[in-house]
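Both complexes below contain chain A, partnered by chain B and then by chain C.
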Partner chain A sequence: MSTIDLLILASVVGSLVAILVFAVYYLTASKAESLSLTAKEEGYTDSNAYWREQLYGKPRPLTWSIFTYDDAKSIGLRYIFTSVVFLFIAGAFGVLMRVSLFDPNPVIIQPIIYNILMTQHATLMIYMFAIGAALGFGYYLLPTQLRLKRDNMGHWSSVAYWLWVLGGALFVLSRSSMRWYLYPPLSLQLTPTGAGTFNWLAIIAMELIFIGITMASIIVLKVIFIDRSDDITLSKMPIFAWSVVFTLIMLLSSDEPLMVGLGMLFYDFFNPVFFTGATSTPLTFAVLFWFWGHPIVYIAVIPYFGLMYDIITRFTKTPVYSYFSGVFSLGLLMILSELVWGHHLLNSGLGIDWVLFFTSASFVVVIPSALTIFNMIGTLWKAEKIRLTTPMMFVINAILDFIIGGVLGVMLANQSVNEVAHGTYFVTGHFHFIFVGLTLGVTMAVFYLLYPTFSNGRVYDERLAKWHLYITAFGSLLMSFSWTVGGYLGMPRSVAGYFAQFQPYQDSAIIGGVIIGIGQLVFLYNIAKSWLAQPTTDPYNILEYRTETNQEIGGGE
Partner chain B sequence: MASNKGGVTFALIIVLLVSVAFGYVLTSPTGGGLTYSNSPTKYTQYINLGADAAGWEYNYNTSDRNPVLNVQLSTLVYFNVTEEDGAPHNLYVAYDGSYSSTLFAKLVSDQKNNPKSIEGSNNYKVLSTSQITQTIGHKTQGKFPFVGSKMAGIYTYWCSVHYTTMVGLLIVNATSGSTSVVTPNVANGATPSHVNNQSTYSTSVSNVLLALETALKTVE
Partner chain C sequence: MNSKVKNELIYTIVVLAILLVVAVINVNYIDGHKANIAQPENNSTVPANSTIIKVTGYQWAWSFTYTNGTTSTDYLYVTAGHTYTLQVQSKDVIHDLLIPNLGVQVYAVPGHPNQVTFEPTKQGTFIFECVEYCGQDHYLMRGYMEVS
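Then we have the complex of A and B:
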């Protein structure tokens, strides 16, 4: 392309972007003006406060206005739908990665592209999907579940949301291939064969994401502890609220080391003194990372445990088998998750004393996890009748997948097993059982439950939703199981190729991955198709409303 | 979005964003970088460098600064680097292009002023700052195999901490039949030949060539 062509193209693209930005600015500015005029007529000086009060407690369907209002439910909708968008982007990357492993040699896509896809898949799934959906459900469900007294930090929530979205977008733009660990010295190599030419942008993007989720976490904790209705005592909160409390305390107490570590990493681009200098080692960064990196994988699980409890009580019409042990085990998970970070570094030379500590501590995690699962099974056991709707079946599938993935995780945290299984697809299989089965499954369950509210009284196609469930559950099982078996035989993970002896495991995992992808397309089709119909029901859902009865059922007995 | 089209709009947004992200990521630059190749090499060569902030020294504690290093294609080069001044150093190698007099001239004239302009991002880190510890006299070794059909040409080596002073050229010669303009043809690939052209560095290409030829004769 000649320089003149490039200039013409740049001017055309630049003009189109400018027109688009101006249009968006014009629409939001005129909308904000009309909103503030209405508020002024009602005697309010702060139009946002007026609209927050007007929207409070009402079912909030999805409209473009979620970007102009900043009440908690609008923020929640922004988080939920943005995280679903990122789920599809990251999921598409994941499916492409699978398909590219059709041949043992990297002939379909180049290894550099594979590394980029892998980094983007992992980072977007964790930071933009799992955390985003958890925060979104917190913002969306808690105001009605806890009958808030006030809703007054919308501006801050909005800023937090935009920082988070900006971080996610910049991370995609950076085309980083440093993996989600961000380990130096790889992350410091600004080359296509290293971490990507624009990896410095990825570091900034991560820092933005962190600032966003930290702000949002503080606000949600404030909502739960300070703003909830006076008649809902702590012991009457739904378990979902408790799970959000534990998750966010965990997030706030462990993300600072990595935020500082990211800042130091950024300095290292200019003069490597912190992690690759003579007086330090890259292991320093690894420790800073995993001090946050282990809690974050629980952040993708604990809020979803809370949602599972809530969904189970709704569809069995039975109180939780033991409310106290449910809350207690989630709290115990929070504490233990801060202590077991070293089991990600068992083979990094921490020394046998540390390794023994982390192996034992990881085994103790079984106790709260098993308490949680037995509590759920106990609730199901006591129920006279279980309504096997799509959300309920997603939850049951999540319990099954969590048991398999959890047992694999405990095996993996054992040093003797870890020595042979680390760096293999065994690890990938372990966490995909949990992330696909539990995190994705429960998100979809809640999405279906809230669909009448999102769509202002429309109902989703039950048959398609069931197919979505069956396809996702089967694909997840096939993919993760093939990985687990192949990994135990030594199939290395995170590489663009593999030895031909592992062909059967890779091929079945490819089939599984593609099946999961097809399942999500069914979901998307269901959403689009069902929305085209006229509203046939009221926009209330059982997860948010009828909170009085749900308190009796879900809370302390 | 509140109307009947809400779901369709959402699905279209997802499809659009997924395609944009796909196109963006799949068109990432993949070539150009120096990659470490495990292909077998024919020769082995040891190059001893002293890491001093004033310039790379050929052998330990000499005044022979920033030498032009000659290497024959298909050679596994071991860089033996000795810390000399206690400052942090590292060693990068980057490919500048095949032999051509204009590029070579540009390299020689611009290098001191603006090494970053020619390094680009296609470099390989032979030794990191932590490997070359800041203990004076500490000797460490890094290696890079110049093997492959496209590896002949002119390379820059430098220290990213002191890139204005510690920067030099490394020339990889094709084995035979090269029609290139600058071809310091080293007959014996196993022998490290070098030219100390500190004085001729900023003058002209011809001086460099002259110096190269002199050196070659000495070697032969």
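Then we have the complex of A and C:
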């Protein structure tokens, strides 16, 4: 495609996007305006809170109107449900990829399709599922946990949400096969065999996603610091609120390098001066990317740590073992994780001194993670009674999987292991232990916890929910463990075919991946079945509503 | 000192001690294997007894040029007990050469040649592969190393 054609296409798409965004904004804003007036007439305490009659009031039945209401609860629900939808899309892509690796040579799915699935799976899972669900739980839970004084940035949140969704949709449409790294010069090859013909659209989509999550982050930080009730001081905030603060500060302080980098990359389509010119190197982009790309993997974990603390305190009726060290270690994690991005590039010719720095820094970042896990174990230890409900078991499974994944991470931080395992399935196994066990598991735990509220008092089948956990946990263990072993023997990742000697590891990983998929189908069946039944209980949940017990233990010491 | 602070101190110190041991092992390894870590190409840091092999990665194959001027594609021929330095460059996009059995890994970056030194000890045939995604046939960018 010639440069002129590309420019024309880009400007047409840009204009269409702008028109669409404006239309969405106008429609939601005017609808919200009229609803605001209605609310005032009907005497709601908070003019934007249509979801509740008052802050701790009875929730209303879930309707499609959450997509037009602009109060924090509705925005949170939008984010939660959208991210679950993207979870299933990206998860289906993941299972397809697994199945296609049944044979060492690509016979079921052509490599070109495989590469698209791989790119979509990674990007959608990270930007649309992990960040989306974290923002959703933030928007949904924080207003009640912090007893919000006001809720007045709803229109902005709505715009941020729609930009984010638009970015995700455009990314799917772009059919990019560039992997989520977007390294030039490959990402500049706009051919089906390179980065995909429409990779430029993927870069626009990524920018839209970034603008969306940046806006949402600023608003959530404003909600936490400015709008929270006067009697909840910083030291009394639940750890979840703290974890959201740290996550969003990290997000805001490290996504600019990649936003700028993507802009430069887009310019390189027309005039390659920044990353592929005579005086530049593509590694410059790699550095910009990982300066964001490393913090992002913590962004997909830290808010879930906060939720784990909250769920543990609810089901053990015990305060957090050490509130101070819980908050402190999450804060330390935020600072240290900004210093270790180089360990993704150890073998790229950084030079010995930088290798020494980044490997040593990677050991330091383990300390706060370990303190967090010990703190959770301490809380469980001190509890007189642990109620093993489905959400609680998901959290315990998350702790186990995080320990395994974390130890594999410490191994990877050794240069001697990194030379063997970097770029192999060992790395994939390391982070899938954490992402499937912790990010997916805790999202499901919170979803189950909030389900009676979402569904106006319906009850999910506890037995099926437990099976969902067992199947997912077993599948995740089998898949990630096969990858780890195979990867240590040199099985490369992100390939559509492989040496026949790796077939046992791939095939057992396929079984694991399909089992995870079946587990999520059990979840869907469970939700669908109970949704069709009649409500049988009160639509309250212990995470959001303050009962007598969590009134005492919700905050700090 | 109450028991809670004591427990916190104990687990912090245990974690610190384990990490310190691993970190020292890592620093020792890096210090003792400076030539075996991928680094920018520089003929003055190639060990004196080492034979230079020029490696070029392109979409989607590896080619190796030996000191006598011969070239092989997707096959690397070396002798056991001898030291080699791979000087790796790329013609098009970023690649990453991995020989898993020897722990040799080096990026092939256009405009930024790297080098890495290794010494095969065992005879036999070993695999190598590209582990940085590089387009459609990335998975075919692999081959065998024959150690005689």
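To be clear about the criterion, the second predicted complex is superposed on the first by the 493 of 557 C-alpha atoms of A that agree within 3 Å, B and C clash if a C-alpha of one lies under 4 Å from a C-alpha of the other, contacts with A are read in each partner's own complex, and residues count from 1 in each chain.
FYI, a residue touches a chain if its C-beta (ideal position, glycine included) is under 8 Å from a C-beta of that chain, and two chains touch if they have at least 3 such contacts.
Bear in mind that the values here come from a model prediction, so they are computed numbers and not experimental data.
Colleague: Applying the document's definition of touch, where does A:109 land relative to chain B and chain C: first, second, both, or neither?
Modeller: first
Colleague: Output check: A:117 vs chain B and chain C. Expected answer is one of first, second, both, neither. What do you get?
Modeller: A:117 sits against chain B, while chain C stays out of touch.
Colleague: By residue count, which of the two partners contacts chain A more extensively, chain B or chain C?
Modeller: C
Colleague: Classify the contacts of A:524 with the two partner chains as first (chain B alone), second (chain C alone), both, or neither.
Modeller: The first partner, chain B, only.
Colleague: Touching A:281 in the superposition: chain B (first), chain C (second), both, neither?
Modeller: A:281 sits against chain B and chain C alike.
Colleague: Going by the contact rule set out at the top, does A:189 touch chain B (first), chain C (second), both, or neither?
Modeller: both
Colleague: Could you look at A:497 and tell me whether it touches chain B, chain C, both or neither (first, second, both, neither)?
Modeller: second
Colleague: Once chain A of both complexes is superposed, is A:175 in touch with chain B (first), chain C (second), both, or neither?
Modeller: First partner only.
Colleague: Once chain A of both complexes is superposed, is A:532 in touch with chain B (first), chain C (second), both, or neither?
Modeller: Only chain B; A:532 stays clear of chain C.
Colleague: Per the contact definition in the header, classify A:356: touching chain B only (first), chain C only (second), both, or neither.
Modeller: second
Colleague: Both chain B and chain C touch chain A; at which residues?
Modeller: Correct list for chain A: 112, 185, 189, 192-194, 276, 278, 280-281.
Colleague: Could you please specify the touching residues of chain A with respect to chain C in the complex?
Modeller: Chain A reaches chain C through residues 106, 111-112, 115, 118, 177, 179, 181, 183, 185-186, 189, 192-195, 276, 278, 280-283, 286, 321-322, 325, 345-349, 351-352, 355-356, 359-360, 363-364, 366-367, 370-371, 374, 378, 410, 413-416, 418-420, 422-424, 489-490, 492-499, 501.
Colleague: Per the contact definition, I'd like the list of chain A residues that touch chain B in the complex.
Modeller: It comes out as residues 61-64, 81, 84-85, 88-89, 92-93, 96, 109-110, 112-113, 116-117, 120, 172-173, 175, 185, 189-194, 196-197, 271-273, 276-278, 280-281, 455-456, 524-525, 527-534.
Colleague: Tell me, which parts of chain B touch chain A in their complex?
Modeller: Those residues of chain B that touch chain A are 1-2, 4-8, 10-11, 13-14, 17-18, 21-22, 24-26, 28-35, 88, 90, 121-125, 128-130, 133-135, 161.
Colleague: Which of the residues in chain C end up touching chain A in this complex?
Modeller: 4, 7-8, 11-12, 15-16, 19, 22-23, 25-27, 29-30, 33-34, 36-40, 59, 92-94, 96, 98, 100-101, 103-107, 109-112, 114, 127, 129-140, 142
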